[in-house]
Amino acid sequence: MIYWNSFSDFLHMGGYGLYVWGSFGVTAAVMTIEPILVARNRKATLSRLKRQMRAEARNTAE
Amino acid sequence: MTRRFNLYHFASPATFYPLAGALIPWFAAASVLFGLAGLYLGMLVAPTDFQQGEGYRIIFIHVPASWMSMFIYLVMAFWAAIGLAFNTRLSGMMTQALAPTGALMAFLSLWTGALWGKPMWGTWWVWDARLTSELILLFLYIGYMALVAAIDDPRRADKAGGLLLLVGVVNVPIIYFSVKWWNTLHQGSSVNLTKSSMAETMLWGMLLMAMCFWMYAIAVAFARVRTIMLERERHTDWVKAILAGGEK
Amino acid sequence: MLGVVTAVIARDLKLAMRRQADIVSALFFFIIVVSLFPLGIGPEPDLLRKLAPGVLWVAALLATMLSLPRLFADDHRDGTLEQLALSPHPLGLVVTGKVIAHWLVSGLPLTLIAPVLGIQFDLSTEALLVLTGAILLGTPALSGIGAIGAALTLGLRGGGVLLSLLVLPLYIPVLIFGAGAVDATVSGLGGEGHLSLLGAMTFASLGFAPWASAAALKIALE
């Protein structure tokens, strides 16, 4: 079923290793970093909005 | 009248926010599963291509990334048309949430295209009709994001961005055909990335990877649109309830 | 209907005549940019002849960009634009007039000077004719498409750079067929096909762009 004979064959990619893994590596990096950035941005936005809301609540209470 | 009400109900951020939140894990899981299956077929099972050697395996991400970069632009234009026609708030938020992912897909398509081109054509970059169109598509994404970022009023940003998307989507075929024509006049180096008749496992691998990219794009766009919604609707009751409820 | 268009053209031309320095500056920008290329790449006539169409067209795109931010900005600042938008005339017609006026003060001077610059690049008479014809046919499309960008970026910070970011990718088909017409003539294939496509693009953009710009202006004025 599996096409490759050994793991080093798989990494070597018939001489195209650099290109194939360069493509897959960058794609994997992009698809990992983008969700992390989105999640971070969400956290930052949530805490900022909460702070704003508390500040507004305090202002109206005074 | 009821139908109209339902449309507005569904398109209202207060309804869409929890819906998107509930759907994100499913899309993310689907993306991972499709990705694993696609990588298994494409990287482990599929035989080598007798013309291109193992280098052809780049198409398992190049083609899905190119498809998604074009598809996301079309989806954005669709939302833009809905937004301009029905004045729905959700559409502008969706286009803004999709744009960065679309631009990244265009970038990935160019990056993998260059890495494919180096061993196949002997050069990182060829002014091939498809690569050139993809580059222009990336410019269009950047233009859209720059325009939206420059406008402070979100309602104007939505509408101006939407109009730019509609103008862009009218132009995309014109640009594509002019680039194609220009290309055939200047050189005949149109080695096709996908021309060789593909084995069935290869085709399946590619389709599974395309599904993986698609699900990924939906999950990320939904996650991003939720943040945009909170930001935009921060003065509404439903956002205040979420903020007070202490959702992480 | 035509009255609105001609009235707007006449008014804009009158205003432009009060600021002739702007027109002349854009024209000299075009001349200087084109003249820089031989200095940058060397004076071999063969090379220059090959590069001429592309260089002249890219410089024409950039020179057109220079005057675009002002297309609506002045009228916006003094409130004329809002009045025009509220007037009973369709805003698209008003924009059509403004686009034509813009072409008369930016595209037309470029067309007139282009053959002179083509001589610098050692183009043959036939190539010069085609070049001039291509710029004559293509620059109205540049004004039309540019108007959409100008309307979208009206009143925004960094409007000029943003405008070029939005508009230059949309100019690519005009660039391809404009420069291609001269290339095809030089290589003996004949540039008629390119020229007719260029003309088609100009007509399409003059029909379509003013209405898109009008919609963008209404968004900006809200």
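A, B and C label the chains in the order they appear, each numbered from 1.
To be clear about the criterion, contacts are C-beta pairs under 8 Å (C-beta built on N, C-alpha and C of every residue); 3 or more make two chains touch, one makes a residue touch a chain.
Please read these numbers as outputs of a predicted model, since none were measured by experiment.
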Each chain counted as touching chain A and chain B at once: none
Most central chain, Cα average position: B
Intercentroid distance (Cα basis), chain B paired with chain A, Å: 16
Chain centre separation (chain B, chain C; CA means) in Å: 32
Distance between the centres, which are taken as Cα means, of chain C and chain A, whole angstrom: 43
Of chain B, residues touching chain C in the complex: 136, 139-140, 142-143, 146-147, 150-151, 155-156, 159-160, 163-164, 166-168, 170-171, 174-175, 178-179, 181-182, 185
In the complex, chain C residues that touch chain B: 148, 152-153, 156-159, 162, 165-166, 168-170, 172-173, 176-177, 180, 183-184, 201, 208, 212, 215-216, 219-220, 222
Residue ranges of chain B touching chain A (in the complex, touch as defined): 43-48, 53-55, 57-58, 61-62, 65, 100-101, 104, 107-108, 111-112, 115-116, 118-119, 216, 219-220, 223-224, 226-227, 230-231, 234, 239-240, 243-244, 247-248
Chain B-touching residues of chain A, taken from the complex the two chains share: 1-4, 10, 13-16, 19-20, 22-24, 26-27, 30-31, 34-35, 38-39, 41-43, 45-46, 49-50, 52-53
